[in-house]
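Here the chain labels run A, B and C in written order, and each chain numbers its own residues starting at 1.
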Amino acid sequence: MSITLENVGFVYGAGSVYEKTALKDVNLTIEDGEFVGIIGHTGSGKSTLIQLFNALMQPTTGKVYYQGKDIWGPGYNRRELRFHVGLVFQYPEHQLFETDVMSDVCFGPKNQGLSKEECEHQASLALSAVGIGEDYYKKSPFELSGGEKRRVCIAGVLAMNPDVLIMDEPTAGLDPAGRDEILDLISRMHKNRGITVVLVSHSMEDVARYVERLIVMNDGEKAYDGTPREVFRNYEELEKIGLSAPQVTYLMHDLKAKGFDVDEDASTVEEAKTSILKVFGMTDSSGES
Amino acid sequence: MSMVRTDALSHDYLIYEDEESDQGTPVRALSEVTIDIREGEFVSILGHNGSGKSTLAKHLNALLLPTEGTVWIEGMDTKDDDKLWDIRQRAGMIFQNPDNQIIASVVEEDVAFGPENMGVPTQEIWDRVNSALERTGMTAYREHSPNRLSGGQKQRVAIAGVLAMQPKCIIMDEPTAMLDPVGRKEVLAAVHQLNRELGITVILITHYMEEVIDSDRLFVMNKGRVVMSGTPKELFARVEEFEELGLAVPQITMLGYELKKAGLDLPDAILTREEMTEALCRLR
Amino acid sequence: MFRDITIGQYYPTNSIIHRLDPRVKFLGMLAFVVSIFVVSNYGYIVCAAWLFTIIALTRIPLNIMFKGLKMILFILVITVVLNLFMTDGTIIWQWKVFKITREGLTMAFLMAMRLIMLVLGISQMSLTTTPNQLTAAMESLFKPLSRLHVPVHSIAMMMSIALRFIPILSEETEKIRKAQMARGADFEGKGIMNRIRAMIPLLVPLFITAFRRATDLAMAMEARCYHGGEGRTQMKPLKYVNRDYIALALLVLYLAVIILLKVLLHW
């Protein structure tokens, strides 16, 4: 019962000519230890949603609870909450500001009120978790490559030791190698640390491969909520709201239509391969898992 | 006829690490790139971040000049000062960040920016703007502020802006990197249409493999060199090489490759799901 | 926060005012500003009548028009309070050291009117004129200065680019602020020094991204053959037509009335 949203609505510029409803009546619970993906096209309300999780935005209606407590209730320490619910935004350029990598990652822990030694300890743990070695500590964050900047930003939030890690499109603009690197990293942290992960993404392929649960946002409402396989079963409806299932899901449906007895819900290359091989009476001999 | 040609093009950037001296250390971003792109071709250039593909793009519009070697746009040498504006007019450029290439605060006025700079007479500017907006499907937004458009629409405005200069060739430097899937499709559909209907040569730089399937030809870059070139079919058959270069092949191609490796008798480089379905049906 | 700034936010209705030559509107705005500083008492009625006639002609909803007042609310209140209590004269109300005089009351009212009309006058020009038209107007009106080696075209270009990027940068500021708040940054700290220090994580990324944008934009402009004002044509060159001459005539008439009233009746 980590994060709970109860009948949450959000309106931008309420009362003005530009009034725009971003969320309407959203009910949602993200349990401790889950790995959740949030998908939706631009303007579907997904960015607003994640900013409600760590109180960067206040819902216009409804309630947000963290560990059972109303985060907008009287006396609730919302700054403290942000140390528990870490949020990494899309563009590293918006976060990095210090002269070297180490100091930048120390910013969060410093705000928590830790001593210099503790800060550096936390920071080096976080940096090693994202695969940034000591030789980078004194480098300027602005000299790094796109993927490295992204990792330093994640470390900057990890260093606060959050229980929940929310990431807004952590792979946008990265090349395939950089993309896999970041996603593997996130998935590893989820497994090793048991940290709750919320991943906002445009890429169905990425989400299908990693998350356990997928929430689809459309027009400010929760359109689907289930395992990726369950959600992608609605591939035709997803198409209508400007999204699409992974390519292999389409393929599996095409094959089914042609009379192949394949698993229509397969959404990753692995799953599709196993299912197709089975139809042809073969087993996966490559030995990969 | 050759639209864009480079001969042993090399480019060095200077990096100033030593604060004491003004002497920069040269770092080679492009090395001996020789390509020849014909008029009307749709060519894609792939490569991971830092492979030199953006540097190459900037040479094709004379925004950068070769350290060594030569670049010709329709036979004009980019080093020739007198031809600079002709080259820029003929080889239009679209950049990654849609916000950072829109100059005016009203869509139609932005589209007019290029022709205005070229000294096109007023009435003709209007004709060009009208037709460029029409071609990119942005007529309905002509009086809008760019700030209220989606990323895909902003890129279409940028394309219209280039189109109004009546180019022979459009170079796009990761035009979809900052867009969502809907915007990405929009932009790609727009350029494919320009290529088909107006015969405009398109050079698309990207790292989304799905976007290059319909190209006539692909170049793959690594460490400043062109390391692979050929049709999508030819190149996507070389899955291992792609992976070594930090690139991925489209999901369907990957699946085909995996199935083949597991023993199914499939052809190389299956690019679309239709091809895959057909190939599997044949095996039945 | 910059989103509420009315100045610079074009509001299309295609009214007769919208279609006027921007130079006329610019001169009209200047004339109006001069007029509200010329008149002293009843003259404001004339100014207000002129202003509201134009506002009506623009067909822009009043709430949009008055939005610009929000940002000067603070200055307005201060002005009114200062004038109200600080002007000497016939006392009509007093409590301890606080006193209100007849003169103070008039003064406060007049100052408030002046400020409100000033903002409305500027807003109605900016709401009916795109920043680009406005820059074109200024470029054209100030062209004689380029003979004195004033870079009129470059200044005009800088202005229009600045106008285009204000909303983008303000949005960016908001994003950066949130990214740092997510790491526990506290922008409401106590003490001036703490507050200034708290701004660093905001300002550094803002400057770096702004410079990045500037470089990108310069390159994009070059790629589209921009090479200064020389040999440049315009999509919407400014040309006075009949309605502009009529508007200019009315403007002269308005100024004449204001000056006559001032001289003859001391309005």
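In this section, a contact is a pair of C-beta atoms (placed from the backbone, for glycine too) under 8 Å apart; a residue touches a chain by one contact, two chains touch by 3 or more.
These figures come from a predicted structure and were not determined experimentally.
Participant: Count the touching C-beta pairs: is B-C or A-C ahead?
Facilitator: B-C is joined by more C-beta pairs in contact.
Participant: Compare the CA centroid of subunit B with every other chain's and tell me the farthest one.
Facilitator: Looking at centroid distances, C is the chain farthest away.
Participant: Averaging over Cα atoms per chain, report the distance between subunit A and subunit B in Å.
Facilitator: Centre-to-centre distance between subunit A and subunit B: 30 Å.
Participant: What is the distance in Å between the mean C-alpha positions of subunit B and subunit C?
Facilitator: The mean C-alpha positions of subunit B and subunit C differ by 42 Å.
Participant: Which whole number of Å gives the spacing of the CA centres of subunit A and subunit C?
Facilitator: Taking the average C-alpha coordinate of subunit A and of subunit C, the gap between them is 43 Å.
Participant: Subunit C: which residues touch two or more other chains?
Facilitator: Those would be 212.
Participant: Provide the residue numbers of subunit B that touch subunit C in the complex, in ascending order.
Facilitator: By the definition above, subunit B touches subunit C via 58, 61, 63, 85, 88-89, 92-93, 95, 97, 99-106, 108-109, 112-122, 125-126, 129, 143, 145-147, 161-162, 165.
Participant: If we count contacts the way the header does, which residues on subunit C are in touch with subunit A in the complex?
Facilitator: 3, 61, 63-64, 172, 175-176, 178-186, 200-201, 204-205, 208-209, 212
Participant: Which of the residues in subunit C end up touching subunit B in this complex?
Facilitator: 10, 12, 130-132, 160-161, 163-164, 167-168, 212-213, 216-217, 219-227, 231-237
Participant: In their complex, what parts of subunit B are in touch with subunit A?
Facilitator: Residues of subunit B touching subunit A: 47-50, 150-151, 177-178, 180-183, 207, 209-210, 246-248, 250-252, 254-255, 258-259, 261-264, 273-274, 276-277, 280-281, 283-284.
Participant: Report the residues of subunit A in contact with subunit C in the complex, numbered from low to high.
Facilitator: Subunit A residues touching subunit C: 13, 17-18, 51, 54, 56, 79, 82-83, 86-89, 91, 93-98, 107-108, 111-112, 142, 156-157, 160.
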